[in-house]
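Below is one structure, written out as structure tokens, with a few remarks after it.
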């Protein structure tokens, strides 16, 4: 059970290994990794800057994680979210949930990323190849995805 | 797009890195790793042996993967399944799906493992600490999970 | 009261944070936003569309009727877009 | 015809594979299982519960009425439990 908000990249393999090490109760681990895509809605991106609210961001992520652990019998869980300037192909976020059974692992992992997207204070500033910078607007589909878990 | 049936262990981190390398169209990657649990239904296991049908197993996994790629717009997909003798904590299977969007990545990953469990010719022989060996019976819940995708 | 601004709200207001002393008449989030909006063109522009402004009081999401007071940390930001 | 057995079917039959020549009357999966079951106690025991036997003909899942012929590779096994 851990939450990390950091500028540095992370190593999914190392995180997965640490989550499952020495816990022989785990039958399934689901991991989601979000990456910066080159193509935004209508244009090619050269970079993206992620801003966050130090303090509140960690607090909200911890709450999302605690909520997942109340809803599903998880052995382990992890949320890592980066901030700062990222380029296409860079990792942004990792969420993981491990449980005795795969149902719980899948559902909790999906819940973590859906809630994170609507509850955790992060904002994306996209830069295109012309140097134009635009703040990403919240997507209704993200709200709908999070609403499924109400 | 790849399927591997192998006796050796695999490195989830290396597989994830290879899947996402140099593809800036990927926005989300979902990975499921299945592990040998120490506790079966009613007793502690000391080991498990996975038998398969060389030839048909690979063929079925390739078909399951092709089916996922028809249903969702995937950039990458991967199925690795081990056979032979495994101990509690050992990795059994990895399925992964990468797409521009997380919906497709999650659903395709779930589909891959659900179908694999009911269509791919693998059989598990569990050994407990007394040395008693029992073939695992197919679970109805696995059939139901696969039926959702019909 | 400590005020924090994020994302385009920070850009429109022109700074990331400031200390303010609330008039006595300002006791909830809605009143705070109305009071801020009349402090200058930059604030008016930043707060012109209340639907796109989210408020956190002491790092908890807050609604228009939720109370505020001097000593609070209040953050203003657009809907979140992480992950 | 090449016959393959897996998991407990292999243990009950006593071997993993064999070559057989089909009698002319055996033309589908159902007839094949009936014919095998009367070849000895080991076969009868392995095939006593048809609901727990799956059949693949040339590495494709097959149903009772699907045809079989000499030259086919036919596998008998319990419901699968991988993953």
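The chains carry the letters A, B, C and D, assigned in the order they are written, with residues numbered from 1 in each.
Heads up, the rule we're going with is that contacts are C-beta pairs under 8 Å (C-beta built on N, C-alpha and C of every residue); 3 or more make two chains touch, one makes a residue touch a chain.
These figures come from a predicted structure and were not determined experimentally.
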item	value
Chains touching both chain A and chain C	none
Chain separated most widely from chain A, comparing mean CA positions	D
Centre-of-Cα separation between chain D and chain C, whole angstrom	74
Distance between chain centroids, defined by C-alpha means - chain B, chain C (Å)	49
Length of the line joining the C-alpha centres of chain A and chain B, rounded to whole Å	23
Residues within chain D bordering two or more other chains	none
Overlap residues in chain B, where contacts from two or more other chains coincide	34, 113
Listing of all chain pairs that touch each other, if any do	A-B, A-C, B-D
Touching residues (chain side chain C, partner chain A) in the complex	4, 6-8, 56, 59, 75, 77-83
Chain C-facing residues of chain A, complex	34, 50-53, 55-56, 59, 81, 92-93, 113, 116-125, 135-139, 142
For the chain B and chain A complex, residues of the former touching the latter	11-14, 16-17, 20, 22-39, 88-89, 100, 102-103, 105-106, 109-110, 113, 145
